[in-house]
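Accompanying notes for the structure given below.
The chains carry the letters A, B, C, D and E, assigned in the order they are written, with residues numbered from 1 in each.
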Amino acid sequence: MTKRIKAWLVEKYPAWIFLAVLLLGWEYVVAQEWVASYLLPSPTQIFQTTVELWPEIYAATLSTANSIAWGLGWSAVSGVTLALLFFAIPIVRRAVLPFCIFFQTVPIISIAPLLVIWFGFGQPTVRASAFIVSIFPILANTLTGLQETDPHLKELFRLYRPSPWQLIFKLQIPSAIPYILTGIKISAGLAVIGAIVGEFIAGGGLGSLIDAARTQQRVDLVFSGVVMSSVLALLLVFIIEVVSRVLLRGRPYLRKL
Amino acid sequence: ASPAPLVLALNWKPEPQFGGFYAAQVQGYYNDNGLDVDIIEGGSGTPTIQMLLAGRVDYAIVSADEVIIALARGGSDIVALFATYQTNPQGIMTHAERGFESIDDVLHSEGVLLWQSGLPYAQFFKKQYSPFKVVTAPYLGGIGNFQNDVKVSQQCFVTSEPLTAAAAGLKVKTFLVADSGYNPYTAVLVTQRQRWEKSPAEVKAMVAAVRSGWNNYLQDPAETNKAMLALNRAMSRETFTQSAQAQRELIKTPTTERVGEMTQARWQTLADQLLDIKVVRQPVSVDKVFVDL
Amino acid sequence: MESSGQTNTQSAPARVIEVQHLVKRFAGAEHAIIDDLSFAVPADSCLSLLGPSGCGKTTLLRLLMGLEEPSSGVIHVAPAQAKHMSYVFQEPRLVPWRTCLENVLLPLELIHQNNQASQAYALDLLQQLGLDERLQHFPGELSGGMQMRVALARALVTEPKIVLLDEPFAALDERTRFRMQDLLLELKSRLQLQYVFVTHSIAEAVYLGDQILLMDSTGRARDWRGVDFSERNQALKLAPAFNSIVQTYSQLFSEMERNSTASGSGESRP
Amino acid sequence: MTKRIKAWLVEKYPAWIFLAVLLLGWEYVVAQEWVASYLLPSPTQIFQTTVELWPEIYAATLSTANSIAWGLGWSAVSGVTLALLFFAIPIVRRAVLPFCIFFQTVPIISIAPLLVIWFGFGQPTVRASAFIVSIFPILANTLTGLQETDPHLKELFRLYRPSPWQLIFKLQIPSAIPYILTGIKISAGLAVIGAIVGEFIAGGGLGSLIDAARTQQRVDLVFSGVVMSSVLALLLVFIIEVVSRVLLRGRPYLRKL
Amino acid sequence: MESSGQTNTQSAPARVIEVQHLVKRFAGAEHAIIDDLSFAVPADSCLSLLGPSGCGKTTLLRLLMGLEEPSSGVIHVAPAQAKHMSYVFQEPRLVPWRTCLENVLLPLELIHQNNQASQAYALDLLQQLGLDERLQHFPGELSGGMQMRVALARALVTEPKIVLLDEPFAALDERTRFRMQDLLLELKSRLQLQYVFVTHSIAEAVYLGDQILLMDSTGRARDWRGVDFSERNQALKLAPAFNSIVQTYSQLFSEMERNSTASGSGESRP
């Protein structure tokens, strides 16, 4: 395992180098006052703040992570399910899909009262927000993936008069996998934003922290929160990648990502 | 089992503007009055008044103009119980070096004014001072843009942003919105009329606890500030202290007899003003809008 | 010519496949691909299908399988058999993420018959097809001929009553091909399997078919006749009777080519 | 053309029926006061408000549409370009992609002052916001699409030692088309949200309208703005579909959507 | 056996392809697919490659083309020729969204030679391959044999010096196949084209190859010899000399099969 981790670190070295360059550049830009530090704090400043307020930031991060996991988990499950439903019953797709596009564009903040009243104040609303924001990419990508199944293979399956379930589980889902995984990765980022915005409205977690810091002009704290949320997103993408690799292990021909 | 605690919803984070409500908790005034109160904080976009209207929370802190608007929109009846700020703490913060003398100057000079254009006082200004020379743009909190450009003025709570600006070494001059004649009560404790009619004893106890809280906070905010500081690490201890200091005269004006008191006349003025600037479309009766306990 | 073939099979037992005045024209195409084709396959009889490249053999198989709709005409397959038909496509068409064995088991899974007996049969088939060392390989790791054999095993594993085979042995060397031919004949006699067999090898067509249908490039039946050998084994291929039939077809092919070149309606001009 | 429009109307009838059912149901729910009208105005109310304030709403919609088109257009161009770059130079991908994920999760609102200072108040910031929010799905989907190119065809091309450009334009982009189009569709919705949020920050358009209406508890006006923005999104998806169909006309085997 | 072949070609002119002790083992595989294979192709000579299904013919072609790396051993292709090599895959491998004609023009586009002369040549080739009525069809609308012919045209359109052909005619009927064979011979003499030709038809191998390499299923060369006919045309196939060579190979195949069955090391047990 340690060997693997080592290999992974080595494989990712361009990212580490780039990160280092980025941080140094950033530090320099702020040190030279090319950008005022009340707009963009330096990395060291952000780091100091993070260390200083670690207990609060840690707790907030955990709470946000929880909401994100919940929201993304459900949007993965229901996005894929919905896509299957739309795919299986075209009339439903033609009827409902436009409204999915419709709802996708509703800014969370403008339906905040509805959300809070339906889901309750606090975490439920945050979760709902993460969910709402992140379902569409999974839905759209899965749907495309299902539609792009190789027609030759579809024909082969049809010879045996498969049930819709068989067709879906043995053919269509496997061939949609690269689409689904990409959809989930796109959604991971959105779920993070959804959770943060949800917390602006319903309180708790990093969103609340960022919100408070923002009005108090604590840019260092704002960025500390932003960095933590981005770290969550990265972690999430990393987990998705690892899980999908483990799940697809021994199936190299389930086209790779 | 003991009954579920009463929920009091703030429309912003724990800050001195809610000091009395927290003081009542810290000092145990709620318990003394036989109440068990949970305070939940708000944030950007938290629909506090709608949460109250929908019965999701029992008490809420909102501003007086929100109450009038809600009544005009046909929401179920709400009733104001306790008005923290006698003088509206909203203001316009400008850079001192621009030498403005009044809101009039700000609006009729070149520059940028950051504010939430939907706020009733913004409508009031539009009616009162149009046409503006200043360019208006949205305000999203913080003083970043203000700090960056001397031409920028912005909306503020006089108990908050000017202190932040001063801490950042800026010289600012702040004008109270109230000076323009638009002066709604702010940080008003409200509940549904139904609640007041059903259990007046509880409501009275609530107001009593809150009033004790505020009296305590006005006297010595240190202990409560410490408690709030733990809940809002974005605000520094000094800012808490300064802010608590700055708001005193807005809560307890020379004419204030009891903290939190309200008058029919002021509610009426507000209702008239809102009608005048078309924020509400039909007259709202203020006869029963508050109970002064 | 068509009628000469027909008399041979007219008095045969119940027809398992019956095709009448079949026409197939693809959307937007000028000419019909299959143009007024009629033939029938009686029970216990197997059909070989010959014809130049692009004449419509694959299209005909697809029509028989129900993968295409006829433009006009009738295709009738006896219901008892129609339920147990399988198809070997011209290309292997394996599921890339399933191993060799899993590909063969796929039809069993789909018809809910993936039990031990069937699995044993699948393994047996794969062994007869010379694939027992490749069970866990993915299609991408198999040679072209192996892939085709997997496809054959997949079509046979459900013990179908009719198999439609589209040049299944084209990618195999002669020896392997002969073994496969005999496997098919064995299944035919042991399991009463019937097949429709498309091939470009005239010898193969004659060896495997009780009837032979020769299509020309205008999509009509050029020749349809029965061939009858008491016993079929590889030695037969050396028999003069066998070779004379092969010769006949070879000549028919040359004739067809000459005609199409002359009339210019053919699809190729060398 | 009218025939086509007719055919289209007919094809889309499930959506129209569903829309009718939805609107009637909604009207009924509000009429029955199952949901208070201060939370959810009835469709007729929204319609009335829209008609009443049509000049303002129309102008705002146009302005927002402009920003969306600009933002989405650029994010399509640069998303695809960036994906090509990442694909062509793997080390750049490994270095930069994590940071794209990183930046994707930064809530626009928390870097609002930076945006405003860089781009100024008004439309430039709105466009930038629409752009920032909508680039990632196109990037991620295009990248997956490029990576999923049939290895057999890649081998074929390699026989002729193609230049990277040839490989990209003759093989990889064509085979990534379903991915790219899905990415653009996902991004269309996000660009709408991005523009609205941008307008919260920098003013103008439907965003300002919604924001002002929200503070005044004008739910009818909020919803009127939201509906207009959603209509923009639908229109956009429709345009994307038509344009892609026209572009791919005569290329049925560029796998269809 | 190997040496008998070698003497035939030892004194030949400069070698265009030279393979020495070639070994290819796939990652994770137990046995080597190609095991210590050595041969050479002199200038003006064409090689036919025979062997049972799965013995490694395709793998060898891929190694020659540089699509796979040898595990050990040396492959040397004369630089002048190496730059102008092309390949016909075992499956058509057409670009699905390009029409028949566009598929043939693809290599010309890629090597920046899509000029009028080349286009005329492409059209000419397509006509010779009997595809002139299918120019605007997409691969999905072509029959299997047609697709393979498009792939052949694509490989020939760049006027390569060496073509590696992996069973290009397997999906064609006999007549078309013969025409294609003669086309290949014509190109060979007219353009000094050299080819390496994989086939399962012994007759085809003998007809087209100046040398014939027979691989066995252990990945070794079983036989490598030259065949020499003063003139090659379809009539040759009836000549006794021709048939005796075909017979020899047929026997070699049977022998190989017997050996592999006996030793149990073979990949198939019928």
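General observations
The rule we apply is simple: a residue touches a chain if its C-beta (ideal position, glycine included) is under 8 Å from a C-beta of that chain, and two chains touch if they have at least 3 such contacts.
Everything numeric in this text was worked out from a predicted model, so none of it was measured.
Counting hops only between chains that touch, chain C reaches chain D in a minimum of 2. Chain pair with the most C-beta contact pairs: A-D. Chain geometry summary: the mean Cα position of chain C and that of chain E are 27 Å apart. Work out the mean CA point of chain A and of chain C, and you get 52 Å between them.
Chain contacts: chain C has residues 91 touching two or more partner chains. Of all residues in chain B, those that touch two or more other chains are 44-45, 50, 54, 140, 142, 144, 148. Multi-chain contact residues of chain D (touching two or more other chains) are listed as 39, 109, 113-114, 117, 200, 214, 219. A complete list of chain pairs in contact reads A-B, A-C, A-D, B-D, C-E, D-E. Interface residues of chain A, counted against chain D in their complex, comprise 11-12, 14-15, 17-19, 22, 35, 39-40, 91-92, 94-99, 101-107, 109-111, 113-114, 117, 136-137, 140-141, 144, 147-148, 178-179, 181-182, 185-186, 188-190, 192-193, 196-197, 200, 207, 210, 214, 222, 225-226, 229-230, 232-234, 237, 255-257. Within the complex formed with chain B, the chain D residues making contact are 36-39, 109, 112-114, 116-117, 121-122, 199-203, 208, 211-217, 219. The touching residues of chain D, counted against chain E in their complex, run 152-153, 155-162, 166, 170-171, 174, 251-254.
Across the complex, chain E meets chain C through its residues 26, 50-54, 56-58, 90-91, 127-130, 132-133, 141-146, 149, 166-167, 170-177, 179, 200-202, 250, 253-254, 257, 267-270.
Residues 9, 13, 40-47, 50-51, 54, 56-57, 140-144, 147-148, 160, 164, 168, 232-235, 239 of chain B touch chain A in their complex.
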